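Heads up, the next two complexes both have chain A, just with different partners, chain B and then chain C.
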Partner chain A sequence: MLKKRKLNIIGTPVPKHDGKIRVSGQAVYGHDINLTGMLYGAILRTEHPSAIIEKIDISEALKLEGVECIITADDIDVNNISYKRDHPILKKGEVNCIRDEIAAVAATSKEVAQNAIKLIRVEYKIRKGIYDPIEALEESSPQINKFISGKYKNKNTAEVFKYSHGNIEEEKKKSIVNVSRRFTLPRVTHACMGTSNITAHFDKLSGKLVLYSSTQVPFLYQRDMAHALKMNPSDIRIIQPVIGGGFGSKLDMYPFEPICALLSIKTGKPVQIIYSRQEEFIASPTRQPMIIDIACGADKDGNFTYRDIKIIKDNGAYTSWGATTPFVIMQAFSSLYQVKACKFEATAVYTNNVFAGSFRGYGNPQATFALERIIDLLADKLKISKAEIRLKNANYKNEITGQGLHYETCGHIECLEKVISESNFYNKKNTENGRFRKGIGLASMLHVGGGAKIYRSDGCGTTLKIDPYGYCTIITGSNEIGQGSETVLAMIASEELGIELSKIKVINTDTDIKPWDVGVHASRTSFVAGNSLLGAINILKDKLNNKAKQLLNTENSDFIYQNGMIAIENANEALALDKVVREMHFSEPSELAIASYFYEPLSQFQNKEFKGNVSGTYAFASQAIEVKVDTYTGNIEITNVHTAQDVGKVLNPLLLDGQIHGGILQGIGYAISEEMIYEEGKLLNPNFHNYKLLTASDVPNIHFYPIETNDKQGPYGAKGVGEAPLIPTAAAIANAVCDALDIEVLELPLTPERVLKAINFKK
Partner chain B sequence: MQKTEVSKKIKISFELNNRKINMDVKPSSLLLDILRDELGMKGTKPGCNEGECGACTVLINGNAINSCLYLAVNANGKEITTIEGLVKNDGTLDHVQKAIIDNGAVQCGFCTSGMIMSIKSIENYYLSQNNNVKNKKKPNKEEIKKWLEGNLCRCTGYIKIIDAAEKVLINEE
Partner chain C sequence: MNFNIEIPASKNELIELLSEYKNKKYRIGAGCTDLIMELRKKPEDDLTVINISQINDEDFNNIKLSNNKIVIGANTNVVKICTNNEVVTNFPTLKEAAQNLASNQIRQVATIGGNICTASPSGDLICALMALKANLEIIDFAGNKRSVSILEFYKGVRITDLKKSEFLSSIEIDLNKVNPKNMYSGFIKIGTRKSMECSVVSLAYHIQLNENYKVISAGLAFGASAPTVIFAYDACDFLINKNITELKNNEIDEFANHILKYASPIDDLRATAWYRKQVLFNISKSILEEFSKTN
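Take a look at the complex of A and B:
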């Protein structure tokens, strides 16, 4: 007899569904693909960030044995790529940043391809580049990107976002304290362990192109690729090998990808391009560097009154999706903590630097850093506790913010209270005066937790089938990029259909097979793909229930699915699920056990003023971070990280921990160690020796407290979790360092050198 | 003096995952490239090709080395174990591989082969130290972290990996 149970698998620490192939060397990454007759591609990049290309001579390279094809801008008929279509795939006439692609080679071996690249002669006329976005905005500065329409008055403005709510002048009058600062945020990069890669295979007979690509957004990528190559999108098939890290870096399509496709089209053979680590540092995207001018006030009771923000974002030479980070940035300023008035302007400015892309958090770590630093300064001026000022202004359930975000659930206060009490925040006063100083800092964050409606659809499709042997196949539009979406989807199917996990397969790597999905971004996959799967399960269960009713000769359709069986609760007779499927297939009227569903979150497009409820739900987190600073060396040791996050509902605590830990370590890197160092547009530290990723020895104690608010929009109440953990980390660390040393922090990362400088400045 | 012929291949023989291999390699060939491109051992990953990330870690005579810095000719006469060599013939995983899965220590998985080989080398080190010793030595958590410093991971924040290593190296008997 089957009995109804509470959740069986959801909420339990199920190990990764695809774990075995990933620990045994069997997972096939892009680097591991080897097609018959495959050629190896390599790209010649500029030596100078800003120069006129006077001559390209490929004649010597063409003579090299094994070289099958060399292309330059003159050899291809293509459209520009990128978010604003301002980026030529191969550069003609001029180069504008150090990653610019000039020519590409396809050859029979990697060595020949590299040698051919070295034989291509380019003559440049070097220009003075513009590497400072403020200088780029000056009237006398020349136009850097010639492909923009001139929508803005200033010729180097790529994009402007303006937002406001409330009456800022009125609120200024009510304020008894005002603080303003300029914060400068650095350029950092994803540093995925697997470098960028692509294998392209154009079939001359059919005119179809297959791309083995590690994109995070295969359907948008298919469309972008088709636009670039002037092809029909449906003639392009995207197959995703296992991805060696994403973190937002694969949200855009970059020139090397259509270049590889073009080499395959020209030669009629498969071609593979794999970045070296140095190339990965130089020619993959970065987080947006920003200059944030922020002014904030509070009234006599400590209520936040206004925020006035102006941001200059270094766009680099071309525009990626990263230019749209103000969608997220303005949410932090308009809606993290209650604030009566907000005025916001962000300008993305072309420079001769490399272009910034999207990176986990999507502008939010920068915004949260500025905001949470200012909150500490306001508290100091008001002489009230840094915990109290945050609790007083925290977001609350059912709040509708000035921007129109509707918090149907909201764990902000619980998150703050949890980390304040667990860290013993009120009693952690820095009293030491010796070499080592301890400090503690607080910060919160707000992020979309149910997708983000910035495309025409924020949806995800699922096709679900059960075979005559009781095995289930989930064909989902969403992708696995290591975050564990396959596992969560398999758990949902197992929970609802009573099929054991080993009998569930997830198919998610082929645009010819899977239904549409907008892609992996905005912490949306478990939420959107989970809801999509639940929709398909409901349809399939209706079909199975009908057959079961017929077989059991009952009118009751309140079936329970458990252990591969279907039954009415407490009934004596139960049916094997596989038998029900066979009866569906093989008895009249025959029918397949298959269902499809497309889920679109109940979110809105924002209007021209950027107002509207853009996500299905919102995630909140607070962190209290303890540091110990060596005043002799400037070294910061992160001792304890207390983090509470409103996850809606814990679907899988094991995988959730992984997202939290990994995010926090990236946040610590952003705060204290990671920085791409450029001089006149050239990267000085394109390697792991000089670009400091944290190691196992740098791991602090992380104390994680999930807060469950059970949002009715989410699958089982869950919200998106992926980006949140790193967003408040740098802010909390900076606040802790300021607490320890009583210094000002205006820029990141807090390297020993910067810490010592700040200490000396204070003296 | 005679000029050295750099493209001339040299005969070497070694054991790869308990199988005898005889092959000719260029003196300049890196073990990583030989393993991946000539012997099909694609589980060993190219992460940086400069000995900084540890993704290409394999065992040579039981010790972890970066195969991207190791000349293949130097493998002559040695025993090499790659990630593929840890899986038993019947498909059973090594206990380190199992601990990595059970502790949630794998996300994208690109660093995982190297991480596992490094943990195996710690295990081998203590096995050799404890040979015929009554009070068996075990590493502590800080020592494990130190051992794993040469393996970078961008996904997990290392905590679950350290948990898995602790489970195998400290808690298991």
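Take a look at the complex of A and C:
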């Protein structure tokens, strides 16, 4: 007899579906692909960040045995890439940043390809580059990117975002305290453990191209690749091998990918390009560096009155998604905590630096850092507690913000209260005067939690089938990039259909098979793909229920699915699920146990003023971070991280913990150690020796408190969780360090040397 | 990065190989954790790597106690050093330096001989061994042995006293004159990360006291702030016969200055010279301050 239970699988710590193959080394990453007759590609990049290319001589390289093909800009008929179409795949006539691709080789071995690259002679006329975006905005500066239309007055302006709500002048009058600061945020990189890779296989007979690619957005990628190569998108098939880390770095298509396709098209053979670690540092996208000018005020009761923000973003020489981060940044400024008026302007400026792509948080860590630092300064001026000022202004359930974000559920206040009490915030006053100083800092964050409607569709398709043996296959448009989406989808199917996890397969790697999805970004996969799967399950269950009704000769269709059986609650008779499926297939009228569903979130497009309810739901988090600073060395020890996050509903506590730990460590790296150091446009630390990515031994005590607000839009009430953990971390650490040392922090990272300088400056 | 490999199975085979390669280009590698990085950066033509990691020799690969000395075979890996009882009890400075070297994975293969012969100005084991005034036993291609103090071993940036066709065979450290409870010994490593870190500044100290806290022997060395790891002679002399619990603030500053005066750091990506000097001074002070606090 089956009895209804609330939830069997959802909320339990199911290990990752792909965990075993990953830890046992059996996972096939892009680096492991080896096709018959495959050639190896390599790319020649510029030696100078800004130069005229006077001559390219490939003759010596062509003579090398094993070299099958060399291409330069003159050999290809392609379109520019990037959403602004301002990025040539191979550069002709000039180079504008240190990662610029000049030529590419396909050869029979990696060594030959590398040696051929060294034999290509390029004559440059070196120009003075522009590496400071403020300098790039000066009238006298030359135009850096020649492919943009004259949309903006300034020739080096790539993109401008303007937003406002409320009456800022009125609010300024009501303010009794005002604070303004300039914050500078560094360039950091994703540092995926799997370096960038692609294998392209063009079949001359059919004219079709297969790409084994680590992209996070296969369907957009298919479209972008087709545009670049002047092909039909449907002639391009994208297959995703196991991906060794995404974090946003694979949200755009970059030149090495069409280059690899072109080498395959030219040679008619499969070609593979794999970045070395050094190449990964030099030529993969970065987080967007920014200069943020912010002015804020509060009234006599501590209510936030206005925020006035101007941001200059170093866009680098070409445009990638980094330029569009203001979509997210302006949300933090307009809608994190209540604020009556907000004026925002962000300008992306071309320089001769490398360009920025998207990176977990999408501008939000930068924005949150500036905002949460200034909230501490406002509290200091008002002489009220840093906890009180936040609680007073926190977001609340059913709030509709100035930008039009509608918080149907909102755990902001609960998150704040939780970390304030768990960290014993009010009693952690810094009274020590010795070598080591302790401090505590608070910060919150707001992020989309139910996708983000920026493309024409923010949806996801699912096809679901159950075979005659009771096994279930989920064909989902969404992708697995290590975040655990396969596992969560399998759990949902198991929960709803009563099929054990080992009998559920997830197919998600092939654009020729799977239905459309916009891709992995905006913390959207569990929410969007989960809802899509639930939609397909409902359709399939209707079919199964009908057959079960017929077989059991009942009118009742309130079936329970458990342990591979279907039954009416408390009834004596139960049917095996596989038997029901067989009856569907093999008895008249024959029907497959298959269903398809497309889920489109209820979110809206924003209007031209960037107003509108852009996400299905919103996630909130607060962190209270304790630090101990060594005034002898400037080292910051993170002693405790208290983090509370409105996750809607915990779907899998194990995977959630993984996201929290990984995110927080990435946030700590952003706060205290990671920085790409450039000199005249050249990267000086393209290695882990000098790029201080933190390691497992740097993980502090992390105390995680999930807050469940059960959003009715989400699957089982869940919200997106992936990006949130790192967003407030740098802000909370900076606030804690300021609390410990009574210093100003205006830039990141807080390296030991920066901290020691600040201590000495204070003396 | 292409090279030939020779894999001797015994010390004698190594000696034979050194004789054979007298006039050829070779490098000796054990764990190769530094060597491979170096060759990747700067490949050399016609190079042979003599991989000594397979040498099966009890003395060469282990730590032994003999005649009031601890003898560490040059091929001993770093894990053995930080877990060996004699080292842990007698030479905390060496244990702490070993324990914080690179990462657990690297410590499994990296060897003490490799750390010494790579001669990095920031070599952590070098720094601790200097504070311990260790002696190095060196063998040449003919099997002749010689001994040199580690304090005399370094001649410049990554230049050692080791001649072509010689190899480092073992490291000897005299046992302490006092019992371990009268010893004040440790290693301070400054960097950003807790592992996989190359010292930005390091300081090793090994101080022996009598029953009344009077210093009877001192070894102090620092790393990453000069072309080589440096032994701070004057700072050691300064401490001798002083009661370590009765030092005044100005004496502690004077002590730190006796260390700092040997520093000639450079600006590099990891830190500026300014930072290195500040920190070296501060952590030098901290040794004596911490002692007063804890005793």
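Basically, the second predicted complex is superposed on the first by the 763 of 763 C-alpha atoms of A that agree within 3 Å, B and C clash if a C-alpha of one lies under 4 Å from a C-alpha of the other, contacts with A are read in each partner's own complex, and residues count from 1 in each chain.
Quick note on the criterion: a contact is a pair of C-beta atoms (placed from the backbone, for glycine too) under 8 Å apart; a residue touches a chain by one contact, two chains touch by 3 or more.
Nothing here was measured: the structure is a model prediction, and the numbers come from that model.
Once the two complexes are overlaid on the shared chain, A:K692 sits against chain C while remaining clear of chain B. Once chain A of one complex is fitted onto chain A of the other, the partner contacts of A:I672 are limited to chain C, with no touch recorded for chain B. Between chain B and chain C, B contacts the larger number of chain A residues.
When the two complexes are overlaid on their common chain A, residue A:D657 makes contact with chain B while staying clear of chain C. When the shared chain is aligned, no partner comes close enough to touch A:L211: not chain B, not chain C.
Of the two partner chains, chain B is the only one that A:I702 touches; chain C does not reach it. With both structures placed on the common chain, the touch criterion links A:G19 to chain B but leaves chain C unconnected. Looking at chain A, you'll find residues 688-689, 694-697 touch chain B in one structure and chain C in the other. Looking at the complex, you find that chain B touches chain A at residues 36, 41-50, 52-53, 55, 82-84, 86-87, 93, 97, 100-113, 116, 144-146, 148-162. On chain A, the positions that touch chain C within their shared complex are 435, 632-635, 672-673, 677, 684-685, 688-690, 692, 694-698, 751-753, 756, 760.
By the touch criterion stated above, chain A contacts chain B in their complex at residues 13, 15-16, 19-20, 22-29, 31-32, 190-195, 242-247, 276-277, 481-484, 654-655, 657-658, 660-666, 687-689, 693-697, 699, 702. Contacts from chain C toward chain A in the complex involve residues 103, 190, 192-196, 198, 200, 269-272, 275, 278-279, 282-283, 285-286, 289.
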